[in-house]
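Two complexes, one shared chain (subunit A), two partners (subunit B, subunit C).
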Partner chain A sequence: MNEELKIIIIIFCHLAILLLLSPLVNSIIKKTKALLQGRKGIPLAQGYYDLIKYFHKETVISNQTSWIFLITPVILFSSILLAGLFVPLFSEFGSIKILGGIIVFVYLLGLGRFFMSLAAMEPGSGFCGMASSREMMLSVLIEPVMLLSLIVLSLLADSTQIFTIISSIARHNLTLPSTGYVLAIIALFIISIAEIGRIPFDNQETHYELTMIHEGMLLEYSGKLLGLMIWSGWLKQLIIISLISNLIFPWGITNTFTLSSILIGFIFYILKVFIFSIFIALIETIIAKVRLFRVKDILVASFVISVLALILIIQESGKGSLL
Partner chain B sequence: MMGNLLLFKFSLFLFITGAFFSLILGFYSKKFSTYVSGIFAAVSASLSLVSSINILLYQNNFTIKLPINIPLLTANIGMDPFSAFFIFLISLIAIPVSIYSIGYMNSEPSDTPVHILGFLYNLFLLSMILVVSAKDALLFLIFWESMTLISYGLIVSNTSSDESRSAGFIYLLMTHIGSAFLLFLFLIMANYSGSFAFESFHDIYKTIPDSLNLLLFVFALIGFGTKAGLVPLHIWLPEAHPAAPSHVSALMSGVMIKTAIYGILRITFDFLNPASYWWGIGLLLIAVTTALVGIIYASQENDIKRLLAYSSIENIGIIFIPISAAIIFYSLKLYELAGISVVISLFHTLNHSIFKGLLFMGAGSVISVTHTRNLIKLGGLIKKMPQTSLFFLIGVLAVCAFPPLNGFASEWLIFQNLLSLFKTSSSTIKIVAIISASLLGLTGAICAATFLKAFSGIFLAFPRTHQAEYAHEASLSMTFGLFTSAALCLLIGVLPLFVILPICTAVSTLMKSSSVTPEMFSDGNTLHISNIIPGYYSPVLLTILLIVFSLFALILPKLIGSKTTTRKDETWSCGITPRAEFEYTPSGYAQPLEVIFSGLHVPADFYYKWIYLPIYNALHRFSHKLKPIQSGVVQIYLTYIFVALVACILWVSL
Partner chain C sequence: MTNLLIKELTPSLLSYSTVILLLMSILIAGSNRLQSIVKFYAFQSLCLVVITLIVGFSTSNSETIRIATITFIGKCLIIPLALNFVINKTQVHKEVDPIISPPTTVLIVCILIALVYGLTSTPNFAKIAYSLGLFDTAISIILIGLLIMISRRKALTQIVGLYVMENGIFALTVDTVFGMPFVVEMGISLDLFIGVLIMGIWVLRIKQSFDSIDVSKLSKLKG
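After this line comes the complex of A and B, so read on.
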């Protein structure tokens, strides 16, 4: 089988896994939370039921909206799905080198967020506007730290491709655990929780309009459009979880194209994602949501951690400069 | 090639003809005068565009000797590829803006001095082209001053309001401080080279002492930084740009401040020699501060044109980031990387010109139909002005640097450039560079929030006033100007290498020691700078995949779900009929940012109070001390002259 065909097959699997697994991962987080709180919780397939229900419902949209409101779910979905191609899941084959690295990844997520916040301003509802404004405030805090911590990791690996970063960490860091790497991962972890809108930054379960951020922007959506928006949110959650869990535990990603190695890679991946989802549920259960303007303090702390990581990496690399 | 020279001369001639025709015809018919001014400007800009492309591709440099005879002045103008790039940039923006100006000026109130504006507009374009093609320092200063004075005329002749008069005054004052430094700079250089011709300035650093080298660089930075709007010399920009008519603002923000980039690059890399990388680090800190301060002020602004002016300050900061990197590389003798950095800065210069021109024109369209610049008084225009809103959105996406638009292509390269600084051996450079990269990300995120506020404030939800409610689409020539710029944003975003190619030629002539080739930027159709931390960005592939995935997202719900209906209804607002008062206003939208950045967002008069007022007071006290010698008696002045004469004779004879 030639190389291109292999890559195409893996990319299709990659996309299929992202699309199919994302509702399940969300349900796992919800279910774990419920169990930890002593409730019975939803069935694990609830995410799929929800999506199917949304896609069968009538769409009601606001009088005030224009074409931006209609194209936003499509742009959000496609930009997030495309960002998903940047992150390795179970195989190194899915890497499209020329597509871009961390910077394109961060800006693609930004593009989706921009359109979501823009569409939230369309109906002229106070709640949507408030959510949109807060989302942009969070993004102002998240994006520079996310960039910095990813750049620090890419300096370690001497590449801005997430695939290469993860595989080179897998190869080298077993023998050389570096403090800079650990700190960068911690910063990235804090940022990831903020990026997927989880406690302590945003509460996805809230139904109180004044505290909603992500949910608030979806208030005026319904039917098929709402389904796409919600699915995009879950996709982004899975992509970020895959990124961070593969960075923390970079082993088990297959680099050969045999059925058995792909199966092993897949099992490793599923395990990583599930463990991480349960971990997120645990955090959500034991930590309370912080006040909106206190969010800044946590994110600034993670910025400082990234800067520390940067300085440590420069120290560790020492005089061994490349020029 | 003679044809090219003729083309250029003819375009200069047409600018002058257009200026005087529109002035004279304006006395008979204002409408006719606007058409003449716009069409002449567009045609002459196209001619100079063709001529500059010719030079960029085939490098047929030429010089023209102007028929002026002044001692010390070698009245030469001419084009080498570096000048040609800036003429390319000026003409490229001038064409859509000139076409736009026809519709814009026709929709202005009848007491507008259309013919004077048309006259000055043509001369303004001419002066900018002459500034970048001057081959002599004195000539350069003459054109530089004319450019300033003509744009001053454009700022104040529009209205008789106090606001634009005071804006004009601040503009004139600041740019003259800048010009004074440039005059010093050129006088010192001419003192060492013995001539004012730019030719004699090449490699002048070999003859001047090192300390003077730095002083000259600082002079150039102050002189050109004032025009460009580096913090804290930026204070005139948010005053002057909004006061001018919108198509002139588009030129001032899009093009005029870029002549300062031309100047600083010419001085730094053609004449001087960046001796220490500390020059670069210092400039990098100024650049990042400029970008951050600019965008934080923009985020709190509710006047759309002031917002855009502040965003120009931000982008000037971003343009100076790769220039600083170039200085660092140059001082470390990494000439190839220095060349690459300059190419990146010029690429962002071009992109900023295009999208800022587009945004100013879009804002102008909105202002001309609603007669307000206040975001709070607008809203809901997307239904009234569908085309304008679409093109404005493209400009917004470009300025926020979202893929696959042109702003992202250049910002991506700037990130790569900052990462490449990590390959130097100094820890200071590494730390400053990487933190700058993160702050660039911060700027980008604030920029997105700012322009989201601006776009939603103007175009989305309910109209908040009658002006906004009864708006209509702008005229055809205006939307055409917007369309051209928006198309350029998309085109350059998807195919950036077509533009990088001529920029490489331009930079290779500027920096003799580094020859930059387009191959350094590409790997096939992918952007990729070869000898730094490997990163790739393929705009074509990204665009194709975005389209494919969007189609998939369109089909997917229909595949899974059933055929459903779509119904329109009221926005949910707790059971009350929704009204404009319920929506989030632009100032409310930006409030969280204000809370976060309360430390950085100092009141705008901070710069007056802490920088300009102390200087003013010191000058005032000093001149007060000099008062006793100014008695006003003629005999005493004659004595002064006599004493001075004797002193001079003594000094010469000793």
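After this line comes the complex of A and C, so read on.
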């Protein structure tokens, strides 16, 4: 088998895992939350049932909308799926290593978000417009911190490729990690929870129009388009979870192409994702959602943490020792 | 084996304590609940004690270890307890309307830290003192304490700001001369303990006669 064919096979596996695992991960978070709150919760396959139902329903579109409303689900879905290819899941070959790495990753997510809030303003519904302006307010605060903390990690590894960052962290895992790395990971963790719209920042399970952010933007969508939007939300959640869990536990990602190593990498990956989803459910259970106007305080805190990480990294690298 | 482990762990323990020292002062600057401010202060002092202990054991200086013990008793136990007592007595739990709001203070602190780290890493400065790498952190903490003192209205927060500043000075002495002589340190500790007593009584009296511990109200005549 030649090299290119291998890479194509791995990339297809990568895409299939992202698409198939994302509804399950969302259901795991929901189920864990329900169990922790003493409820029975949904079955684990509920995400798939939902998607099948959405794709069988008729799509109703308001006559006030233009082509942007129609094209947004497709752009959102494809940009998030493409961003997913930048994050290595279980194998080195699955991640794209041309282009600018983390910068393209962050702005692919930003592209999807831009179109989503544009489309939410299309039908002229008041709640959609409100949710869209809130999403923009949050993303102004989220994007720089996400980029900054990833830049700190890339300075540690001397590369903007996410796989190189992860493998350079894995090489140093026997000694205690440097303080800059720990601070950057803390900032990245806070910002990831904001990015996937989980509880201290946004409540995904609310159906009260005045408090919705992400859900509020989907109010006017129906049928197949709604299915696509919800699926891309789950995809983004899985991608962010894979990124942060691979950065914290950088083990098990293979760089060889044998069946056994790929299988081990895959099992490690599934374990990491499940543990992380359960952890997120735990955080959602013990922390209350903060007021929208206090959200900026938490985000400012994570911004300061990442700036501190950057300062420490620069100072350390001045003395000649990295990580 | 254990010797090797200690040799491996000591630098990272030192750098972690240094970073927590800085983080705690940022948290004090960014918080407006008085009780959590006192908790952060106690934790910051604990990190300082850890650093002093490391210095004491690595230079095998018994005086430094004694200073660490006194610091632990005073700054981690007595001062937080006294401050908590004052908080419970005055029933003021929140810094309501500070002159600079906490998130803005944190951003200013961020700029301050960047400036200090930038200035102290110039070659001229590095020649003077660079023993533990605590120097720039200590300077930042002194400035953060000053910022807390001038940006808050409640007398209690201003007191904590003063103590944060004092922690910064302590860190500076630990960094540059590996701790002060025991007699000097005893004098400073005594000053702090008497200070917390006097200032506690002072805050209670302000509360009694003005019904508030907001220092901006002190300029009004009371008749």
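A few notes on this one:
Note that the second predicted complex is superposed on the first by the 315 of 323 C-alpha atoms of A that agree within 3 Å, B and C clash if a C-alpha of one lies under 4 Å from a C-alpha of the other, contacts with A are read in each partner's own complex, and residues count from 1 in each chain.
Note that in this section a contact is a pair of C-beta atoms (placed from the backbone, for glycine too) under 8 Å apart; a residue touches a chain by one contact, two chains touch by 3 or more.
Because the structure is a prediction, the values reported are computed rather than measured.
When the two complexes are overlaid on their common chain A, residue A:241 makes contact with neither subunit B nor subunit C.
Of the two partner chains, both subunit B and subunit C are touched by A:307. Looking at the shared chain after the overlay, A:51 reaches subunit B, while subunit C stays out of its contact range.
In the superposed model, A:227 makes contact with subunit B only, not with subunit C. Of the two partner chains, subunit B is the only one that A:118 touches; subunit C does not reach it. Once the two complexes are laid over each other on the shared chain, residue contacts for A:62 go to subunit B alone; subunit C is not touched. Shared-chain residue A:103: touches subunit B; no touch with subunit C.
After overlaying the two complexes on the shared chain, residue contacts for A:296 are found with subunit B and with subunit C alike.
If you count the residues of subunit A touched by subunit B and by subunit C, you find the higher number for B. Contact with neither subunit B nor subunit C is seen for A:87 once the two complexes are overlaid on the shared chain. Touching of subunit A by both subunit B and subunit C, each in its own complex, is seen for residues 296, 303, 307, 311, 314-315.
Subunit C meets subunit A in the complex at residues 8-9, 12, 15-16, 18-19, 22-23, 26, 30, 102-103, 106-107, 109-110, 113-114, 117, 121, 136. Here subunit B touches subunit A in the complex through residues 332, 334, 380, 382-383, 393, 397, 400-403, 408, 412, 415, 419, 422-425, 427, 430-431, 434-435, 437-439, 441-442, 444-446, 448-449, 452, 455-456, 460-462, 523-524, 526, 528, 533-538, 541-542, 545-546, 549-550, 552-554, 556-558, 560-562, 564-573, 578, 580, 582-584, 588-593, 595-596, going by the rule given at the top.
Interface of subunit A with subunit B (complex): residues 51-52, 54-64, 66, 68, 73-75, 77-79, 81-82, 85, 96-101, 103-104, 106-108, 110-111, 113-114, 117-118, 121-126, 128-130, 132-134, 136-137, 139-148, 151-152, 154-155, 158-161, 164, 219-220, 223-224, 227-228, 292-293, 296, 303, 306-307, 310-311, 314-315, 319, 321-323. Here subunit A touches subunit C in the complex through residues 175-176, 178-179, 182-183, 296-297, 300-301, 303-305, 307-308, 311-312, 314-315, 318, going by the rule given at the top.
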